[in-house]
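Chains here go by letter, A, B, C and D, matching the order in which they are written, and residues are numbered from 1 within each.
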């Protein structure tokens, strides 16, 4: 548990960083929701604010006055515990509250929180909620960036977000297989630092001998899969993945464009030549699995990844694992609304490990478990092979 | 055909009026599309502009330079003849071009048009296209208002558009039945003034004796239908209407709210008490038909309406008729893209006659044929009974 | 109104004819429902029986004992008035009651009816219901054949129903245009013979000069439309028709097969060479309209058809008209369940006139109004042009 | 690997048992497919036959003549490797081939196989295919029963399949928790007996201390969950499960009927009083999970189940586990069509362990891995708790 003083600046930096991510946006960009998985930026701004208001200010700050009666309804995401809410698919249908109003809301709540955190009244339980709130907002910083990329990258005009944004670092090292020996490994969060409930329940797993790649799969390598007809060979795919490929007519990673025979890629810095040596991005689990099949290898489990992660560098792409998102032995769902944070999604999703170029500094860690449905591609997702 | 000089001012007034309708909007309001039938206001601004660019400036003005290459793709509505376009359901997913850019587009095209209309080059054919373009924009002025009403009226915060906007005029006269005698009547546009192609082919119809009401059905009268259980009596409804009522769980006109037993109505002037003596609005054809059944009367045909319309005042509500939207005898679809304006919708829609509080001055006339699918309610639609 | 004695034999012949239509079926053919519009043959057998039980025996025959308590639920079609029913899309999911049981039900009800009709108790009102019941069953005889054709014709094995069944009579006469003069015509049923409520309300219409073809469009002629790319020219189609063609990937009439470049047609007599001089069949209204557009003509209205019908032979195909299915002036919906027969479908459907090779003898007449949604093709529908 | 002589009788007994399961059916029962997951019994009869024809007779038996050219198309299930097929949702739309023809097909192939197996030509590879084919048919015997139950149990008449069929054995012993100690356990098939590919790759897992119930959850116990409002407490459910409950309006296990306040249950022996002490059946994974949450316990993993299974009796219900269906370490997908048997379903499904009253004798074993989507309920699925 960190100190109150540090927490105030951690809190304020986090709040301020969220807003700085929106600097390049035009007002119109804050409003739209092109697909259900992408939320409008102004919704993220409001929702991360509502979290502090709903879970800290309203229950604990004496005399706290709600900024606006209707905002709980507008900015609740999925917490059944705390009442009704705008259905997710309607977030992009709301022009009001406007962007200015949402910033007013943010500043009001930021100031109220600052005052409250600095006060004597704050106890262990509130500190813990505050920490969750800050990490919750950091998580939304990543979503903000990926949602902005989707909003701009699916606009026919393909606007640039920030021409300095570097999505595609080059991996210079040669590809190597890192061998890991059979045995018992400890998995899960160990220290007293912050983590989410789904990382807890540190426990032992037995791993058999395996090898894991030091490098992520590159665009170049994935292009070979495409050119070999990987998207039309049913035997490389799960039955459900094959249906998805056929129905959605998927033929390449999201944001790739073949313009007159020339491969390009939309990035937050605009449309660019496809960088062949950079790590592949924006593929679904289905594609990750099919690629591994084609290559004759497989995806690692999340346990294999965690046990080996100190041997390679990671953090540019969220890496799909073969593991389903399940509770660790001894997982306990926290009581109340906070308990809706993770546990209720533990079915029919896959674990991703690592982090990405969109992840805020210090937000991820070796035990961090990200999770998505198997068809989603709008995150900076990549592939690391095992065998 | 009117004079060029008058046309310039007619054109400029029309362009300027469209923009004045948007004055009360916040930028965010220009962007959203809460249902497929409602287009974002900025799309209307761009689309009415594109119409002049595509059909007049591009083909006829020497040396005309497109404002932006991608705008034809963004702002085409449904003209298959002139190329690909953003699918209708995606209009609300586009944050760019932004509102400022769209206004720049408008002003650029308005100026180019002004220069062109005033020039010697303009001939009969271009004048005719210009006239269509102006009337097309007037039609979108009405849609702008009804779409804005939908956008604001479906927001949980229920913002006011303009607190002076009078939607609900009172009809003071007593209800009376106007008798019309059996015989041959002429239907369709006769003068040389502007009209749409679907009004042409003036022709004779034989009408039997009938009576038509001098007044529109009021909110009060429709409330009696609701209170008598009209929405749950299947025998009042068409089979398709009954399915719609059940699936959509329809229990009242659009924009009505029963708040703690008190009936209110969202209007462009905000949420108000339901005005009992005002004409009913925002009902589908299905509801109009069921109401007439319940009352023991029927809806007039569009021919009955046209033959009797000089006997009553109209123009506050678009009035559903029993007539399907079909070509008049001798209807000729104009060649090219302009031919896509009306003819291709002549199936599975109903004719509405009259006009509404949202219709621009001088835009409607006794022969004007509006048309919508039988389930739509977001226009200012009402009921006039016949027997 | 015909005599009781004749009615008994008319009734018995009708009952028996229905069963004879099913002679060529295997038991399995009685059960399936490949699309929602097609009902299983055993459902038709049961439903036409239930009609007599529900509307005549149950209310009027003293001491009548229901054959089976659950059959009203199983065999009601859409009469909301008389209670709950198996949803339409579930008809093909019911293996029980089995075919033998359904025949037992038929024979039980036929005998009870025979006894009852011959009795003294029968009055005018019951006679009228009996007449409706018989015509109702005749209507289902036609549906039986078209549904059987769908069931067999969509089976990969393409079984023969009856190799003597002649679907495709040749029209030997040369094509001619029959001119009809402008004036007032009387439309609707006039005599005291049986007709449906939707033919009543005989009334005057004013028709302008027109010409109507003496012949139906042939397969040969429609093939020219296909070969000219008619299915891919958007300007020939209604907007809604064009969406349908694209989404359903329609490229030819139902039951046509292009096998190695050779056109064949599934008929009730099995797969055959496409008979070029025979009248086209199994096309939707959308296709009929597009064909007429392509040819430079149009479809007749139902009034034009009725006014001219004595000048040409008809009865091989149900002929799409341009008329929407609407009530005639003075149409009165009968009270009670019988009132659900026609009136509630008078929206978003088109009128067909004529009859078909599947229509029972004496079932159609010049004033008969058939009606279907604009996309349906499983009936023997054809095209007669007007201009 | 068992002896050829035994194999012949094993094969013949299996073929004959399949047919004996269909004895109580009427012909109509063989044909219908009320939901996509349920196949028509005649399809099972044909498909299990096609398996032997396609994978053994066609490639290996010299001079083998196909029974019918179209049957591969009709009876292929999902093997992309071996060509096109009737889409799954269309299985119930095919009245032909009729039941008699399908039995002819069975007998033809059974005889050809008998002749072939007894011949000298048969080698190890063919024996292995034969063994798979037999086990494949046994698997379909179970599906036959569960599909028949669905077909009859969703018919409004609720026909009896076999009034001697005992679905609901009573568990007499008292409930107890069986403790299992922390440590390394071996998981997966070990002997040389037949097993499926997904059981192979015997490997070590580390299990922490846990306890597992000796008994399955009873109807009585689940009724307490219902009566406590379990189906309307969102916090007991996964987010996806909660959506499912709401959309499908699920309020009780499949086949339960509350008739005038009295709980009854449709069984293969007909509608019966709910047997309170019998194991619960026909619940989805979502319901199993919610029940465990409500009770304060959890579902076992498949590894916990396998490690403890010799301590309790099992085989009446397939038991949902918390484990996602994933490949074991070292899993190898067999080459060719046989490789499509298991591997391609290893995503977004849950493992079930045990067996059921519908499972053929000797078909299941401690390492057997069944798997279904999380919403399915038509199998005899139950709950065993762990903690």
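What we mean here is this: a contact is a pair of C-beta atoms (placed from the backbone, for glycine too) under 8 Å apart; a residue touches a chain by one contact, two chains touch by 3 or more.
These numbers come from a predicted model, not from an experiment.
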- Task: Show which chains lie in contact with chain A and also with chain B.
- Result: none
- Task: Please determine the option from A-D, C-D or B-C whose contacts repeat those of A-B, over half of the contact pairs being identical by residue number.
- Result: C-D
- Averaged over CA atoms, how far is the centre of chain C from the centre of chain D? Could you give it in whole Å? 44
- Task: Go ahead and note the Å separation of the Cα centroids belonging to chain A and chain D.
- Result: 37
- Task: Just give me the whole-number Å value for how far the CA centre of chain A lies from that of chain C.
- Result: 58
- Item | chain A partner contacts - residues on chain D that touch it in the complex | 78, 80-81, 184, 203-206, 208, 210, 234-235, 237-242, 285-286, 289, 298, 322-324, 326-327, 329-330, 339-340, 344-348, 374
- Item | Partner chain C, residues of chain D touching it in the complex | 26-34, 42, 70, 73-74, 86, 90, 92-99, 151-152, 154-157, 159
